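Down below are the structures I want you to see.
Next come two complexes, and both contain chain A; in the first it sits with chain B, in the second with chain C.
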Partner chain A sequence: MEHMMSKLSENILDKFSMDFLRNQVLKNAYGNDDTIIAALDPRILIAWYLFFGVIPWFVNDLPFLLGSFVLVMVTTLLARVAGLVLFLFALGVFSQTGYLFLATLLFGGNTSAIAPLLVLTLKVATISLASVTVFSGLDPDRLSNGLMWYGCPERLSFSISYAYRMLPMLMEEFQNVLLSYRLRGNPPAHDTLTGKVRYLIYQVKIIMESFYPLMLNTAKRSRTTVEALELRGYRYAAVNKSVKKLKLSALKVTDNDLLFLAISALWVALSILFSTLL
Partner chain B sequence: MSTLQKSAATQSQKLMIFVLSMSLYGLATLFTELIPKFQVGLVEFSVEYFLFIPLTLAMLFDPLSAALGAATGELVFSEIMLGQFGGLGELEKFLTVTIGVYIAGRLVKDPKNRMMVGLAAITGTAAQLLMGTIVDIAKVQFAVEDFEAVEGLPESVFATEGFAFCNDLLFSGILFCLLPTLYLVPKLYGKIEPLLGMAPRTRESLASGLSPKAALVCVIGFVCAVAAELAATAGMSLIDWEAEWAESGTALAVGMVCAAALAVIVLLVMKKNKERNAAC
Partner chain C sequence: MNAVEIDNLTYTYPGASQPTLNDISLQIAQGDFLAVVGNNGCGKSTLCKVLNGLIPHFITGTFRGAVRVGGLNTLESDVGVLAQKVGYVYQDFENQIVRPTVLDDASYSCLNYAFPDYLERGRAALAQCGLEGREEEYVWQLSGGQTHLLALAGAVSLSPDILILDEPIAQLDPMHADRIYDVLQTLNQQHGKTIIVIEHHTEYIADYCKHVLLMKDGRVQWLLPTGEALQRVEELESCNIFPPQVTQAAYRLRESGRLPANVPLPTTVNQGKTAFSSLVYHAPAVPDAPPAPPEDAAVSFRNVSLSYRSVKGEPRTVFSGLDLTIRQGERVALIGSNGAGKSTLMKMMVGLLRPQNGTVSLFGSPIGEKKAEDLSRQISLVYQNPEEMFIKDSIHADIAYAMQVRGLPDWQDRTHALLERFRLTPLQDRDGRLMSGGQMRRASLAIGVALEPGILLLDEPTANLDIATRREIMGVLEDMKDIIQTAVIATHDMQLVCQWADRIIVLRGGQVVADGSRDEIFSRQDLVDLVGIRPPEIFSMARELTPHALCYTVDDFTNCFLEA
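What follows is the complex of A and B.
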C-alpha cells in the first residue's frame, strides 16, 4: 500500500514536468510540417476521416476492419505523430475495452467474451488512429481552414487557432503560479503513510488554489484578446462571405490528394473483396 | 450604459466569457488527459473532473457562454490537439457538458448564497455524469454484436457503469467539483467581473432562475445526444444491409477493386506526365 501511495504521488509529480508537456504538445502541433500527410489538402483529409472515423463503428466484418486498421496505422506512421500522443492512444484503447474484459471475467463470463471484445477493440483503435492521423498530422491553421470550408462555425476555427497559440503561454503561467505557491507553502512531512496521504492532499489543494490567480489573469487576457479582435472587426468578418472566400482561396486539391484517396479506396475495396472470398 | 450592462452581457462580453472558459477548462482537461488513472481494486482515483472551472464561471457570468466555452475548450484542447477526437462520441460529451454546466449556472440566483452554490454545483455534475452513463451503456450495447449472448457481459456493463457513476459523483464530484466551487465562487465574486467590464450578478439580474424555456432547451439537447445514438443503430442496419449485398456479389467487389486500381494508375500516369512536362 505504501509503495502504491509513493508511486501515485511520484506519478503525479512526474507528469507535472511542464516543459515536457509543452514540448510534446508543440512538437505535435508544429513539429511535422514536412510529412506526406501534412502536405495533403485538409478538405480531402477531413472527408477521408469521416469515412474511417464513422464506418468501422457500424461494420462487424473482420477482414474489412483489419484492412482499415492496417491502412490507418500506415497513415499514422507517415504522419510522424509525437510519442506522447501514441502512448495516450494505447492507454485510451485499453481503458475503453481492456477493463471491460476484466470485469466480464469477474462476472463469470469465460473466454468466449474475447472475440466480440477484440472486434470492439479493433473498431476503437481504427477510429482513434484515423483521428490521430488527421488532427495531429495537420497544421492547426490548415485544419481550421478545412473545417471552415465544410461550414463549421467560425468560432470553432477561431478556437483551434487560438488554443494552439495560447496554450504554451497558459502552461507557463500555470507553472509559475504553482511554483510560487510551492515556494510560500510548507509541505507536510511525507515519510509515513498518513504523511504521504496528507502530502498528496496538500499537492491537490495547491493545484486547486492556483486556479484562483490564474482565473483572474486569464480574465484580463481574454478581455485584451477580444478587444483586439473587435478593433479589427472580427465579429463582422466572421460572418462575411467575401472574407471567408479570401481566407479559403489558398486551399487547392492536387494530384497527390486524389492519389491518396484512390489508394485508400483501392485498399478498402481489396479488403471487401477478401471478405467476400472467405 | 450602466443599466444596459446590468441587465445582460453584451455580445463582446459574451465572447470574452467564452474565451475565458475555453482556455481555462481546456488547459485543465489537457492535464487530466495526461495524468494516468490510478486504480485500487475497482475504485478509481482520478483527477477526472476539473468541472469546477466552468461551474464557477457559469455561476458568476452568463451561463450559456461559459458552458459552450467549456465544451469547446475540451473538444479543442484535449481531443483535437492530442489527436483523440472520437467522432460521434464527442458530440454526446459536448452536449452533456454544456447542459450540466448550463443547469448549474442557471440555478444560482445569488452567488453569495453558499447553500445554493453547493447545491447547483452537485446538481450540474450529477446531471452531466448521469447523461454520460446512459449514453455509455447504450454505446456498448450497440457496438458489441450479440450483446445478450455473451455470458456475463450485460451485467458487467451495467455494474461497471453504475459503479463508475456513483464513484465519480461521490469522489470526483465532491472533491473536485463541490469543494473548489464553494471555495472559488465567493472569493471571485465582485473581483473577476470588473476585469471583464461587467457588474456582478445580483438577485435582480436577468440571467438567473431556471425558466421553463431553459429547461426545454436542456431537454432538447439531451434528446439530440440520444438521437445521435439512435442514428447509430439506424446506421448499423443500413450498413448491415450493404454488407449482405456485398457478400452476395464477389463480382461487385472485383469491380470496385478494378475501378480503384484504375484510378490509382491513371493518377500516377497523370502525375508522371506533369512532371515530365515540367522538366522539359
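What follows is the complex of A and C.
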C-alpha cells in the first residue's frame, strides 16, 4: 500500500514537471492539426463560437442547454484537446459552481438546490467547452488569420502565434533554471509534516528566485529575435495592406464548413423543438 | 562589380568610448566566398551588421564613412530594402526562427515584403538549402543542423546577392557542418551568391573559402586569397587564429629545416600529400604499459530504457536496454552526432531524468532512490549553455551558492580559492550572462566543481569558443585533474577527444556502437563512415601518407615524420 502511494505521488510529481507542461502546451497548439475541427475555416468557427459562447448566458431552458452542452462536448472530443486543458476546464467548472453546491449543503440547504445549480453549471460548461474547441482545436496561426479577417489588428494576431512560439522556449528556460537549483540547492528534509511544510515553502521560494535568471536569459535570447524580426520585414508587413490580403487569401469556406454549420443548426433546432414539445 | 564597398568607415556603439570599427576601407568582389577572421571582440560581427543596415538604422551610434552594398548606400536605404540585398544568419540562429512550421518560416520574409508567390519562394529556398520534403514539419522536430539550414533558407528566400553567416558551424557535428558548407558552396558557385562567413575553423576556410579577411582591433589587417592568407602562420597565431593543422605541421617542419623554405605551406590534406611526400613515418616506441587492474564502477547503466513524450503520436525512444559502465579514474569522451543521446545520458547520470526501465547506479548504489540534491556531492554536470547555470546576480554568489546552502564551514575561503583558480577574481561581482564566452565557460566550470564531486560531466565544453579560449579551457581541464577523478565529456571536438580522453564511447541512435581507446576508434574506417565522426585533420593527413600511422596532434606528426 505504502509502495503504491509513493509510486502514485511520484507519478503525480512526474506528470507535473515543466517538461510535461511544455509538452501539453505544444500538444494543445499544434498536436491536433489533423482533426475535423482543425480543418474547418477559422472564420466559420469563430462565428460558431460567438453563438455558443454568448447565447447560453441568456437562456434558461434546460433541454436547449443540455443539447448545446452535448454538441460542444462532441466538438471538444473531435478536436482532441490536450489532457491538461480538460483538467483545467473541470477544475474551472467546479470552482465556479461545484463549491456553491457544497456550501449550500453545508449551511443547511437541501438537494433542491441542485436544479438551479445544474443550469448554471451547464451554462458555464457549454461556454467553456465551446472556447476550448475553438481556441485549442485550431492551431494558433489559423486562429489568428480568422481573427484578422474580422478586423483584429495584425499585431494581435502576430502576438498570438508568437506567444505560442515563445512559450515553449520560456518554459524550457524555466526548466533549466529549476534544474540548476535542484542540482545545487539543499532543500530541507521532508519526511515529517513540518519538514513537508518547510519543503513547500522552499519550493515556492525557489520558483520566485528563478524569475530573475529566467527573465535575463530570455531577454538575452530575444535580442536576436528582435533584430531578426526587423530584418525579416515584420514592421513592413504591419503597415502593408497587400500582406494582409495575401495572408487571408489562403482562407476558404468548403462544404465541410457548411456541413458543420448545418449539423450544429439542426441540433440546436431539435433541442428547441424538444423543449417546446415538453 | 563589387558586392560591397566600404570607404573610411568608423563606427562607435552608443555609450562606448572607443570605436569598434576604425577607419575601414574594403571591397568585396561579387561572387566571392570570404572568411572573416580575427580575435574575439575585433569587430567582425559589427562589420557584418553594418552591411545589412542594422547599423546604423536599428542600432544607433556614431557612424562615419560610406558603405555601399550592391550599389546601394546603406545610409540612404532602409533595412527592408537592404534585407533583400543581404541575408544574415545569426550565431544563435535558433532565435531567428519565428514561425512554427518549416515552410511558414522559410517564406515568412517574402510574405512580409508582400511577394504574391511567397510560398513558392519559400519552397525554392528550402530546396536550395537541402530541406525538401520537410516543408510541413514543425521547427522543434528539426535537429540543430537542420534548424541552421532553415535559418539559412529564411535568408535565401528573399534571393539576396549577399549572404552573411556568423559562425555557422560552431554548434554542429562534423557531418552537419559539411552539409552547411556544401550548401553554401552550391549557393556560391551555381547561384552566384557572395558568401561572407565569420569563421575560426580554418580547416573549413581552407576547403571552401576563396578569400580571407583578417581584422584586428577594429581595423582591417589584410584581405588575401585563402592559400596565401593561411601561410601567414605567425601573424594569424598572434591574433589567436590557428591555421589548419596541416599548415601548422608544415610550418614547424620548415622552421626545423625538414621542409624547404621556399615552397608554400600546404593548407589542405590534398596539398599536404605532395608537400610531405619526402618524409617517412617512424612509429613511436610504445612503452608496454601493464594492463591496469579494473577500477570500481563509478557509474553503471543496467538495461536502461528512456523515451521522451512527443507532441504527436508515439513517445520517442532514446535508449532501450542500454548497458554501460564507467569506471573510477577514467576520462571518457562521449561522441556521436547531434541527437544521438549524449545529453540525455548525462542527465540520467545526475538523476535529472529517470529511466522508465532499468537502473542507473552511482558508486554501486542505484540513484533511483536518491534525490538529485543528495547526488550533487558525488556527481556534477556542467551544461552546454553556461547561462543556464547562472542563477544569482554575480558569479561570486553563483560559485558560493551550493557550498553556502550546505553550510560548509569554509565556504568563503573555498569560493575565493575557486575564483582565483579560474582567474575570475576581477570579475567576481559581475553577472555571468554579461561576460564573454570564455569567461562564462570558466565560471560554469568553477560552479560545477565547487562541491568537489568525484565525477564531473561536461556537455560540449568547447562549443562556441574560439580556438584560443578552447585551448584555455583544455588547460583548465588538465589543471583540475587533482580534484576530479572521473570525468565524462560529450563533444564534437575531436581534437579535444584525442588530446584528453583515455576512453571513447560512440553513441548512435541511443546505442553504444563503439567503445575503446582513440587508436581503436579512429583506426576503424567503418565506424567513421557509419557515425560521421571525423578524426582531427592531422590524423587524416598522416593516414594519407602512411595508412597505419597514428598521429593525433601536430606534435605527434612532427615527431613521427622524419626525413628518409
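One rule holds for everything that comes next: the second predicted complex is superposed on the first by the 256 of 278 C-alpha atoms of A that agree within 3 Å, B and C clash if a C-alpha of one lies under 4 Å from a C-alpha of the other, contacts with A are read in each partner's own complex, and residues count from 1 in each chain.
Operating definition for what follows: contacts are C-beta pairs under 8 Å (C-beta built on N, C-alpha and C of every residue); 3 or more make two chains touch, one makes a residue touch a chain.
Not measured: the values here are computed from a predicted model.
Residue contacts after overlaying the shared chain place A:165 against chain C, while chain B stays out of touching range. With both structures placed on the common chain, the touch criterion links A:208 to chain B but leaves chain C unconnected. In the superposed model, A:273 makes contact with chain B only, not with chain C.
In the superposition on chain A, contact of A:77 is made with neither chain B nor chain C.
Of the two partner chains, chain B is the only one touched by A:103; chain C is not. Among chain B and chain C, the chain that touches a larger number of residues in chain A is B.
After overlaying the two complexes on the shared chain, residue contacts for A:90 are found with neither chain B nor chain C.
Of the two partner chains placed by superposition, chain B and chain C are both touched by A:216. Contact with neither chain B nor chain C is seen for A:248 once the two complexes are overlaid on the shared chain.
In the superposition on chain A, A:60 contacts chain B only, with no contact to chain C.
Counting contacts as defined above, chain A residues 29, 162, 164, 209, 212, 216, 220, 222, 225, 227, 229-230, 235 meet chain B in one complex and chain C in the other.
Across the complex, chain B meets chain A through its residues 11-12, 15-16, 18-20, 22-24, 26-28, 30, 33-38, 40, 45, 47, 52-53, 56-57, 72-73, 76-77, 79-88, 140, 143-146, 150-153, 155-157, 159-160, 175-176, 179-180, 183-184, 187-188, 191-192, 195-197, 232, 235-236, 238-240, 243, 246-247, 249-250, 253-254, 256-257, 259-261, 263-264, 267-268, 270-271, 274. Of all the residues in chain C, the ones that touch chain A in their complex are 52, 54, 58, 79-80, 83, 88, 90, 92, 95-96, 98-100, 104, 108-109, 111-114, 116, 118, 138, 140, 154, 309-312, 350, 352, 354, 372-373, 376, 380-381, 383, 385, 387-393, 401-402, 405-407, 431, 433, 447, 450-451. Those residues of chain A that touch chain B in the shared complex are 4, 8, 11-12, 15, 21, 25, 28-29, 53-55, 57-61, 81, 84-85, 88-89, 91-92, 95, 99-100, 103-110, 112-113, 116-117, 119-120, 123, 127-128, 131-136, 143, 155-156, 159-160, 162-164, 166-167, 170-171, 174, 204, 208-209, 211-212, 214-216, 218-220, 222-223, 225-227, 229-230, 235, 255-256, 258-259, 262-263, 265-266, 268-270, 272-273, 275-277.
Within the complex formed with chain C, the chain A residues making contact are 14, 19-20, 23, 26-27, 29-31, 139-141, 161-162, 164-165, 168, 173, 176-177, 179-187, 209-210, 212-213, 216-217, 220-222, 224-225, 227-237, 240, 242-243, 246-247.
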